[in-house]
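Okay, so here's the structure we're looking at.
Note that the chains are named A, B, C and D in the order they appear, and that numbering of residues resets to 1 at the start of each chain.
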């Protein structure tokens, strides 16, 4: 399965339910935020060690995976509707970040703060 | 390019900068929310028509693509660190949603509210 | 009741439960985002008219009020812990916005986009 | 200054600029999320110690205060438009939480996870 396959599945899913009318960029962006809010619940109170321990269990990882799936679903749907190639965009952004934060300069420096 | 390629690129990017120390699940989840917040700025005030018109321009789409790239980057990085297969998770979630919202029942009904 | 009263109540509430240890700025900021995510669920799919109609009912308004209460609670707690006077900060920000967006210039213009 | 004063100031500010048309619950909820995203930037990468040190400086605290002001501004505006008494709602929520998490039971226990 690829991101393109997922986009096609989501397109069909929405069409079969007559839900395209609700899938405006504004509503999908809100949905992204709703799902990221649910994901944040999983890191809300624990220490880094406690969180890592929870995500190392099958249940903890499954719960996290479900929230991340929702984020990917809305992100992919929004990209499909606006004609954006997510992987190309991410690749271009990573190349831009590589220029902005040269490894040799950033390494061990406080530039971490700005990334 | 695939999501797996992106995950590998991000792994290398972080390693070269000694940034793995900052990439805890908690910090990455926060970063996701920061980027979704920036994405939301693009749909903050306009009507659906105004937003669609903006995203139909090259500049508007490029600006949106950059925010979406950031969301995908942090999502992919978090998935890589926690051992989650994003596409498999999204596919499983979509199958669960298909059972929860059968097309024939949901079509044109108010079930939209709960999806 | 005032915001100062609420801050005092929250301080006591946390102390009685030995929860101060969890109330770091990072965790409280995450909690704010979690609650805003829950609030966003109430405006996720409806049109402006549908949403207004729901919030005009006692149940709809009570549900929204509960999410807004959570946002105010975490905001107040974070302000108390960092020594920030929320009302003074909001008042100063409003004065700055008044200079940035002079009423006579902004009125009916596209400056709305940037506010 | 009280929250009611702030609500009145915001009402006048919007009216003078003819911005009431943009202040739908949906747009204001999005704005809340945008501002919380900006607030999260201040806790994105640092450790709890680093963050506390930054917020202990005048500049760090002023930067945080500005983001928190924006959150309070949109929260207050939304409450005003929907007829919600924020302080009464927060007080009611705190009373409900006190019943849900009795101090004597919660103290030092893992119930922290659920609050």
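Going forward, a contact is a pair of C-beta atoms (placed from the backbone, for glycine too) under 8 Å apart; a residue touches a chain by one contact, two chains touch by 3 or more.
Remember, it's a predicted structure, so these values are computed and weren't measured experimentally.
**Student:** Out of curiosity, which chains are bumping into both subunit A and subunit C?
**Tutor:** For subunit A paired with subunit C, the chains in contact with each are B, D, in label order.
**Student:** In terms of residue numbering, is the interface formed by subunit B and subunit C classified as same (over half shared) or different (under half shared)?
**Tutor:** same
**Student:** Centroid from C-alpha atoms only, then distance subunit B to subunit C, rounded to Å. What do you get?
**Tutor:** Comparing mean C-alpha positions, subunit C is 25 Å from subunit B.
**Student:** Can you check how far apart subunit A and subunit B are, centre to centre, with Cα atoms defining each centre and the answer in Å?
**Tutor:** 3
**Student:** Using the touch definition from the top, which residues of subunit D touch two or more other chains?
**Tutor:** Within subunit D, the residues that touch at least two other chains are 22, 26, 29-30, 33, 36-37, 40, 43, 45-46, 112, 115.
**Student:** Can you list the subunit B residues touching subunit D in their complex?
**Tutor:** It is residues 22, 27, 30-31, 33-38, 40-41, 43-45 of subunit B that touch subunit D.
**Student:** In the complex, go through subunit C and note every residue touching subunit B.
**Tutor:** 26, 29-30, 33, 45-46, 112-113, 115
**Student:** Under the definition above, what is the set of subunit B residues touching subunit A in their complex?
**Tutor:** These residues of subunit B touch subunit A: 1-3, 6, 9-10, 13, 16-19, 22, 24-26, 29-30, 32-33, 36-37, 39-40, 42-43, 46, 48, 51-52, 55, 61, 64-66, 68-73, 75-76, 78-79, 82-94, 97-98, 101, 103, 106-108, 112, 115.
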